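Shared chain: subunit A. Partners: subunit B in the first complex, subunit C in the second.
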Partner chain A sequence: MGYINTIIILGGINIIAALGVAILTGYTGLFTIGHAGFMALGGYMSAIFVKELGVPFPIALLLGGTFAGLCSFIIGYPAFRSELRGDYFAVATLGFSEATRLLLNNTRSMGQSIVDAESGIGMLFKPIGPLLVKLGGVFGYMNLPGPTSVFVVVVAVILALFFAHMFVTSQYGKNCIAISQDEVAAQMMGVNLLKTKMIALFVSAFYAGVAGGLMAFYFAYLTPSFFTITKSSDLLAAVVFGGIQSLIGPVITGFVLVLFPELLRTFAEWRLIIYGFLFVIVMIFRPQGLLGYVEMNFQFARIWWKKIFHRRQSSQEG
Partner chain B sequence: MSQEILNIKNLTVDFGGVRAVNNVSIMLEPGEFVGLIGPNGAGKTTIFNLITNAIKPTAGEIDFKGKNILGKSPDRICQLGISRTFQNIRLFPQMTAYENVELGFHSAPQYSLMEAFVRTPRARRIEIDTRKKAMELLEMVNLKEHSHARASSLPYGLQRRLEMARAMATNPELLLLDEPAAGMNDDECNDLIKLIREIHTTMHYTMIMIEHHMNVVMDLCRDSRIYVLNLGSMLAVGTPTEIQSNPDVIRAYLGEPKND
Partner chain C sequence: MNKSAQFFRKWSFLLVIGALLVTSLSGCGSQEKVLKVGYITEQTGVDAYVGAASVPAMQDYVDEVNAKGGVGGYKLELVVYDTRSEVPDAVTVAKRLMDQDKAVAIIGPSWSSAGIPLAEIANTAKVPMVATTASNVNVTVSEDGKLHPYMFRVCFIDPYQGFAQADFAYNKLGLRKAAFLTDIASPYTVGLHKFFKDHFLELGGEIVAEEGYTQGDAEFRAQLAKIKDAGAELLVVDAYTFKDIGLAAQQAEALGLKVQIMGGDGVFVPELLEMAGPQLEGAIVTTGVTTDSPEFAEFNKAFEAKHGVQANIYTYYGLDALMAIEYAIGEAAKKGDVTPTAVRDALETMKDVQLFTSKVTMEPETHNPYKKPLLIMTIKDSQWVLTETFQPE
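This part shows the complex of A and B:
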């Protein structure tokens, strides 16, 4: 039972982060290989809120997500200002996430030198010195509370899916889709590219941040090595396989990509090679992804409902 | 005193060593419909690109409703009330005809991001309202029955009409049409003339049209004037009859008569 719970929890966390990437890559057309960085920022921040400040866990998750979203402006504003797109933007996100990870790797020694500082710039940061030491650098941020359960994750996934659906069907989401299809035409028709892309990136980073928070409170500790480029490419893989302009696609693949390595434990090491191979196959035969342009809707449920209802009515009449 | 809606003064742009547009001035009063013609490479589309700031001019000024719009971003210019179609159609290919038109209405979202997430009654009302207006525009260009078709699946002529509807959705005061009749036969041209005239009379836009089909230009601009560009410079301005008998224009289109 515990094993299945683990898979559900990790799968759910992966789904939430993949939904974030779907909003940015699937709907806005901006490739990212740096969402692990936003997960790390959100994870560490919500952990700090709970452990150091005693903020309740759900609020800390939202605050962590918001923090990740705000941090996304650090990369988003200059990148979108200078009109980076395609591979160039992807590389920028990769740089950002690696920088974040390396910074977190060194929090302990940085914190120590700030605590020890007698003068100079270290003095300015004196109050956060002990906190940085606590974050522990490569050794990890230990002894966090662990309230993430299957129930929490399932609720979080449902909420995440609902709000993602709301976003992509809103006027903001449709502007994002327009940008992904023809940026020049979108701008000529009055879409503010900088603003719309920043919003998409913010929402996307928020999702990753919340996923990072859930992860922190599941493992009950955090280390920068959770958030390597492998994590980012897993998330991108979920969206590329799952399909662009689809939410349900990345949800399914986001879960499958956690389940799969578990089922084939012996092949886990080969995962990235298999992904690479599958990437090429998908790009050749189905460039829009397995469920590309398949919108999640509840039309089928409505049709079923009508069918059942009508049958009952006609049988009552007959 | 500036009642003109668009005032282009001494506009010049260089691409490297090539002077694509040379000292061009155009002045439009509200509600006018003017044609812009010229041989290939005359700089007609470049002028549209300059007005919408897809290209930055080397020199000159562009005033819209008495305000300088030079250096404003294309989306800002669109919001101020200038919209356009493209010579080589630029629809959003994977979106439906309806979604293409709808975008024009909400390119500047009408509700806040928070309202988008919870879809308040106000946001829903706005969306229903937008839907109604978009369908009206689709009806105007006779595309209502195609509203759920993917834009890329529509025939060429309908794509041109759809682009026009999308441009109209941004609620412009100045509408720039870049070769709306390109690739159409005579019958289709006549339908298009009717449609453009209807749009002009009912919506009261000021319009500039680039077109190579002379019968379309001459018909639509019969009460107004035509600007003729050649090699980036303004060659002639006048009514269709003046233009048709202007020796410079004939020379630009047909070349010098051979003197042997």
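This part shows the complex of A and C:
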């Protein structure tokens, strides 16, 4: 069971992060290759809350997500003020996530020099010195608790999907879609570009932060090398592959991208080649993604329910 | 329902039962006692050379053991999974080996970032793991000093190598001014840097420059120029990939920087000599095993001829881990209990067992090999030359 559980947990974590990217890239039209940075921020922060401050695990996850969301303003505000979009914004997010990772790589030595400092700027940060040493830099943050289980992840995925659905169908979500279609037209209709983009980025970073927290509490260990550009590009791939302006697409591909390399295990050296090849095939024949513009709805469930219900009624009558 | 259909249904039911019985009985007749040994390695991605050089050798060895009748009446089966150097993949395949394949013991991983989370998983699932080259202290002993009961390793640890390097540089080479070029994103390199520095300062040496880079960098001239200005006598490049030290040596030569260069076992691969042999003339590399000693010459030749790949240290460490597990299964089988826990107990009490590279005794308190000798290799005429064997006190 452990193996299948692992796939479900890692797949679920990937789904949550992919939903975050879907809100930003799929709905608002802002490409990002830096969500691993937000995952790292959320992951480390929720780990600190649980391990150092004894905050209960679900609250720590939300706090970690919020922290990642707040950090997103550091990059979001200047970028949106200067109207960076398209590739330019993507590169800015990449820079942010790499800078975050490099900072985390150096926490140990940074913390040590603060602890040893007797004067100067180090004194200002004296209280957080020991904490930085504990984060461990490249050696990683060790001995974390590990409460992430299949149940927790499934609940988190359901909640994440529900809130994402509520968000994209709300007025904010509609504003986001308007921006992704045509910024000038949206502005003329009275959409506040800066505010809407910041909200989309906040929600998106929040999702990534929660995913990072779940990951920290699954491995019970965090190291900056979990959050490389490969992770960011995997998330972007899940969204583009799954479909633009769709939630169910990224959910399915977010899971499949974890499952697929596992199913291809028997091919050993060849599996990543097959994996890449399938990507190319799909992008050639369905450039809008597998489920592009297909929105999740439960109409089919209603129809089934009606069918079953009516049949039973009619059989009772007959 | 008519009669013939009923008749047919009855008989087909009996037929199925009969077929099931036959197959299950014939299954009993030809059943072999097989134990699975897992191997977590890299067959794709940047570190694919680790798997390429170790998997064929280990498969050969398993075939050899099975041809001789197996271990304690059991045949071995090697189950290899790829991680593409990603920690989540390493965790997934470890769980797969434990739950689906019911492996009796697992070899790997080769790097510490994966070894640390895997140690906890091995403890929970109660399946022993023997890491090949994960050299961080915390792989087998957690940060608060608690032993991970199911995690072992066959390589030496970073503090030991850093200590030995500093000792050799200070006492044997008589060097006093050291400079570092460190990959700040690699726990291995940062660890060796720290332990070298601690011991070197303790001995009375001086650190004149500490320069950093990150994995994938190819341009070190700025750092090397600073090191040159600082007047260093010794340049320590304990890189994880051989390209780093090779490029640094080439650029140091171009800058006219004349220093003693020193590296760790991470760069001890034949490819380094092809890349920067002349520039690294006189450089010192420390390692736990050597592929160049005459006793392995025959093996190396046969291996290269058969598989078209040069044997490297990962081949040797992989075989070491495999032989340690083979020994432990043998011991466990003698007691009539080949559960993973019994294999673990046998690994822990291993004493003076001849593995592929040397005799190994496992330290029960740390699960590290006891007093594994450190070999000091010098590069002369683009060849590795064994200068000294360092035995810790």
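The rule is simple: the second predicted complex is superposed on the first by the 297 of 318 C-alpha atoms of A that agree within 3 Å, B and C clash if a C-alpha of one lies under 4 Å from a C-alpha of the other, contacts with A are read in each partner's own complex, and residues count from 1 in each chain.
Operating definition for what follows: a residue touches a chain if its C-beta (ideal position, glycine included) is under 8 Å from a C-beta of that chain, and two chains touch if they have at least 3 such contacts.
Everything quoted here is computed from the prediction, not taken from an experiment.
Contacts of A:N105 after superposition on the shared chain: subunit C is touched, whereas subunit B is not.
When the two complexes are overlaid on their common chain A, residue A:S225 makes contact with subunit C while staying clear of subunit B.
Of the two partner chains, subunit B is the only one that A:N192 touches; subunit C does not reach it. Contacts of A:E52 after superposition: neither subunit B nor subunit C is touched. In the superposition on chain A, A:L272 contacts subunit C only, with no contact to subunit B. Comparing subunit B with subunit C, more residues of subunit A are touched by C. Within the superposed three-chain model, A:D87 lies out of touch with both subunit B and subunit C [touch as defined at top].
Judged by the touch definition given at the top, the superposed model places A:Q181 against subunit B, while subunit C stays out of reach. Subunit A makes touch with subunit C in their complex at residues 1-7, 10, 102, 105-106, 137-140, 142-143, 146, 219-221, 223-226, 230, 261-262, 265, 268-269, 271-272. Within the complex formed with subunit A, the residues of subunit C that make contact are 43-45, 48, 80-82, 84, 86-89, 91-93, 95-96, 98-100, 113, 116-117, 120, 125, 136, 138, 142-144, 184-187, 190-191, 214.
Note for the complex: subunit A touches subunit B at residues 163, 166-167, 170-175, 177-178, 181-182, 184-193, 199, 245, 293. Of all the residues in subunit B, the ones that touch subunit A in their complex are 52, 54, 73-76, 78-79, 83-84, 86, 90-95, 99, 102-104, 106-111, 113, 116-119, 123, 127, 166-167, 169-170.
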